[in-house]
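Okay, so chain A shows up in both of these, paired with chain B first and chain C after.
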Partner chain A sequence: MMSAGVFKTATRGSGARATETGSARSGSAGSDSAGTASAGTASARTDLQAPAPAATSRTLRAGTWLSLPVRSRSLTVAVSLVAAVLVVAVLTVTLGTLGIAPADVVASVLGQGIGTDRIVWGTIRGPRLVVAVAAGAALGIAGTLFQTVTRNPLGSPDVIGLSAGAAAGAAAFGVLWTGIVPQSVGALIGACAAMTLVFLATGRGFASPSRMLLAGIGVSAMSLAFVEYVIVRVGREEAITLAAYLSGTLASRSWEHAATIWVSLVVLMPFALAISRRLQLVEMGDEQADALGAASGRTRLFAVLVSIGLATAAVNVVGPIGFIALAAPQIARRLVRAPGPNVVTSALTGALLLCLADLLTQQSPLPVQLPVGVLTALIGGVYLGYLLLGQWKKGSL
Partner chain B sequence: MAHTPNRIPGSTPGSASGGAPGVASGRSRLAAQNLVLAYNNAVIVDDLTLDLPDGGFTVVIGPNACGKSTLLKALSRTLTPASGSALLDGVPIATIKSKKVARQLAMLPQSPIAPEAITVRDLVGRGRYPHQTLLRQWSHADEVAVQQALVATSIADLADRFVAELSGGQRQRAWIAMVLAQETELLLLDEPTTFLDIAHQFEVLELCSRLHAAGRTLVVVLHDLNQAARYASHLVVMKAGAVVAEGAPEEVLTAELVESVFGLPCVVVADPVTGTPMVVPQAGVTHRLDSAAA
Partner chain C sequence: MTLTPRLAVNSASAAPGTTPVRRSLPRRAAGLLIIGVLLAFTVLLSLAVGNKYIPLGEVWTAVVNPGDGYAQTVVDSRIPRTVLGILVGASLAVAGALMQGLTRNPLGDPGLFGVNAGAAAAVVTATAFFGIGTAGSSVWVALPGAFVAVAVVYLIGGGGGRSSSIRLVLAGVVVTAVLAAWVSAISLSLPGVFDSYRYWAVGSLAGRNPDVILDVLPFILVGLVIALSLAGPLNALALGDDLARTLGVKVGRTKLLGALATTLLCAAATAAVGPIGFVGLAVPHVVRSVTGSDHRWLLPYCLLAGPILLLGADVLGRVIVSPAELMVGIITAFVGAPILLVAVRRMKVPE
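So, the complex of A and B:
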């Protein structure tokens, strides 16, 4: 998708120079448009300095009451991502011995499947696919909001203990102390408790990445230890289910799960979109945002709450799946080459990643089907290491 | 106006603003009235009353940590006063909605953060936020304002470049273009020349001067006294959270004042180019505070 070759080589040299000085304010001007970019903080972090002219922007208008700027590159990326999700979805239902014949896919989806197709779509692959799309999208949005709030790619729900906290809450109220509140509310309580702990433990809120990370690791460990405790306490069957849930799984999801996550997504996504403009301003520093009338404190709190809501909704139905919230916003940002929380593209990227990971686990030659969370954790671990290395080199950790 | 400044500012009410009128006349759009500013109970600015002349190019100078930036924050409504108030058109600014304030007054903080992968045009466009609503995010007026800001700062040809690619001076002009796109009469800049080399510093100051000539009211914090004297129409000198002198640079900037405020023995001569006061430090200055106390 990316014609990356040209601009990557064009910016390598300057990127290396900027890395040495870390927060270098600027170098000299790149005088031509062929990509002799000067070293700046942004170039040190990413390879985003494309020599190509920046994406143009169009305005979507409806009467006098609506006018939204739409970057044409973002639109192209979004359409491509939708297409990619559809392709993965079709592969998910058609591949393998149970696969529905491509010609019968549409009929099956519309509920007119016959024989095994009805079961394959209705109970085996349909729900998990529909859940995967929404859960991936929810995690992608939660990630981009949180990363923008913390101005750091490491500030993701799965890294700083939000997901683990939600899992602990779900385990506590869904299995151990049943009947007090529904499991979903329990997950929300767990997530909020975890974030409150991280917020307090860092002393400076979400401002310092390294403290946030350390506090997050601690809170994650405590949360997971609690889930282990629940596993030990409850009966064997529940324990097995819980263990699978803990690693994050899409196996045997039901249409109820699908409805839960989709409702959450549809309800919360408009809030994410609404706050994203103010969040863009917060990216420029609290003072600048305040001066522009974007009330940085309130904006940040609101974004964190929406993010907690979305991540919790996802964890509630699929368990604490790692990597998606961490990576989707970063991939989306590189694809659209635009600053700010890219809510729609992050959502689509998250959906694509999770569907793709699930397709891999379903079609892997392993005798036992891995929970999808194991796969994402594996990839996520490598990616996290890469991020940490980058931050360490920059000296910002 | 060229008086000996008060050494212990704020010790008695009314003396805090030196020779300036003790009470805001209420005639300028932006003013401070008995302003007390504090961070976690540490008082930074104490009982400050000040008028920022309309259509003026006010430059605020003073030693590090004298409260210059803090004052600017209060004037731009990004810091809530402990008591007293910053007044915009005679109304305490904290009582006005921040978005409404941002349509009257623009503020560029000391070190704003350029988001990753943002183009100059997008950055400047963000200055339009106060004029936009959730559903009407981009209008023709926005387009025009951005283009005018780009032209005014001479960066129209850089509009589609990434901010990270620009030189220091160009980047600062892009930030100034962003606050210009806000289309406000009042413009507050907190040390816009810091981190720039000398040529870029003058580039930015010349830009400020043009904006002033075009009718905007500027309030700018600067560190360089000679630059302040050269460009300011109105100089405000602060020390330890109080205004110790204000007025035309020629009247205010004297050797006695510089020594008492900055602890720097110096002579003040006429700038060979502009004739404005120019501060030349004396040789062998090592213990600034000692000599200041002498």
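So, the complex of A and C:
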């Protein structure tokens, strides 16, 4: 009886106090005094365990077709992240020798800039900033979907070979065999081929994290070998562009790039949101999820497809930028303190991380502006090591 | 130390439920002979095939009875890369077999353990900042780089005492990722370095200075001698550290020497032709299916089969995009990575 009371408290959140009172009362109604005492302890623990009232969820409804639970903590986090992205965006536009004066930023963004401001926003920093926001968001969502499906923080598109596959596809159809299919379709073909290989090599779908990682290494190696081959085949100028693309770059992005990635994001994000509730159930285990009507197999497949679409869209525009898809969902999860694929917060965290990394590479004192992917790969490698050590301590690998 | 071959064969290669095949001495010796003949044939192919094809008969004449005709010139120009191919192929394959034996790990590959990345990062750093370009000095740079990378991988992967094969490979991935980012940061900010690095980075036998051979030869020979001398202890080690110790093997010394030989071989190979992946993984896997896991046969087989794979890949690279050339590292990745995928699929892992 007592333990049931604690269990309910832990899970039900807002209803905690009422339930616990009931439990305590029934405990004291019991014959022995020990029951009362233990019920008292339980009630004390409840005060610690029950989430603060602020964490309760409200439901966002629109007619009969939309019913999304919104936790107020998530809302606060999301608003703060948007603010942070805005701050980084303003810094990106204003810092440096070419920076637009803070007072002129709004005018420039609205297309009324004068002189150099027009060029700085219109061709240099505007597109790359807009691309960075969307690409970071796409990677964040792709990462959170994959990590939820694989139930492992290591299962992210860049670790298991998806990004490398997409890059190989983009290099193949965008540079080498031009004119067969558009580069973006090529990237998608590459990503799907890579995921098929990983899927086949792991034997049981995406269930085993260590197999998945090792298969990812093999698939990445093949993809990157192919891209190296393309680099050697094309001329030196193209080779350098391609090599920069290969590590992920935001330099010289155009408004077409921005349009491509934003359209992909706007089209695919609703699917991610729609699937996220079911994914949350799948996280509890396949049997539980199936019992609750979440159709774990189909849900997982759907989530993987959406994730591939988003990651490919990002890779196609900015190249295989590492670390964002790996880290954004984990940071978001810690900020929100909620399970499940935190789609919106992961997207915002991804956008913030990528904009921040790009700001750092733009303002770094190095004589040459490095591709942003080099920075994220350096940080990402270290972070990956940290993740692995954590998993080894837990003994889950 | 006198361990019967049968014991060693049964210990690792036999899958549960199948009766282990007894591999007789004459059969294995005959296999070694066949592989030797195959290698000789591959060497001749490597001398004959390329932009200008020289018939095998003329190649033979040019080798045994040097003249000064056109065919002679062409064949001479292909000798350095063929010799390099033999040396590097043998080094990588033996290093891979050694690593798989030492760590009792089917996934042992110098490339996966970060050795190549360490050597590559050291060479690129030295080239960029200290202007060291010739291969002779680059071996001396590649060696410490490879040693440090291996040490870090073992430190991360073996942290807490219990190191598993997967952990070591994943630690290798982490180290490789960071080093690769470092290498691309340097090569992208210094286009001059990048231009020469482009070919070396993928791993190519073409256009190497013949002096490279003499520079790396001593390292490779020492590495190979140490490796072959470890065959007996490695067989015992396959039974587990404790059992090996009771059989009179000095486990610590064997592992240390093995790591030394592996690193020497890989660093020399990488310094000479760039980081070539998957040869060390693929060759021992294929060879083991013929010889079983007795290292006294496995290592010599690898010694001969490694060059066959590498030279074969090199010849293939000269043919498939003719008149251009495909670097050997690309071909080995394409041939070797699927073997990794198959190994992963067969692997038993903790879920």
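In this section, the second predicted complex is superposed on the first by the 336 of 397 C-alpha atoms of A that agree within 3 Å, B and C clash if a C-alpha of one lies under 4 Å from a C-alpha of the other, contacts with A are read in each partner's own complex, and residues count from 1 in each chain.
Operating definition for what follows: a residue touches a chain if its C-beta (ideal position, glycine included) is under 8 Å from a C-beta of that chain, and two chains touch if they have at least 3 such contacts.
Just so you know, these numbers come straight off a predicted model, no measurement behind them.
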item	value
Partner chain(s) touched by A:Gln183 [first = chain B, second = chain C, both, neither]	neither
Which superposed partner A:Gly218 touches (first chain B, second chain C, both, neither)	second
Which of chain B and chain C A:Ser208 touches, first, second, both or neither	second
Which superposed partner A:Thr76 touches (first chain B, second chain C, both, neither)	neither
Which superposed partner A:Leu370 touches (first chain B, second chain C, both, neither)	second
Residues of chain A touching chain B in the complex	25-30, 33, 37-38, 40-43, 45-46, 48-49, 53-54, 59, 64-69, 151, 274, 277-278, 280-281, 283-285, 287-288, 290-295, 333, 337-340
Chain C-facing residues of chain A, complex	197, 200-203, 207-208, 210-211, 213-215, 217-219, 221-222, 224-226, 228-229, 231-233, 236, 239-240, 243-244, 246-247, 322, 366-368, 370-371, 374, 377-378, 380-382, 384-385, 388-389, 392-393, 397
Of chain C, residues touching chain A in the complex	107, 112, 156, 159-160, 166-167, 169-171, 173-175, 177-178, 180-182, 184-185, 187-191, 194-195, 198-199, 201-202, 277-278, 321, 324, 326-327, 329-330, 333-334, 336-338, 340-342, 344-345, 347, 349-351
Touching residues on chain B, where the partner in the complex is chain A	73, 76-78, 97-103, 106-109, 111-119, 121-122, 125-127, 129-130, 134-139, 160-168, 170-171, 182, 195
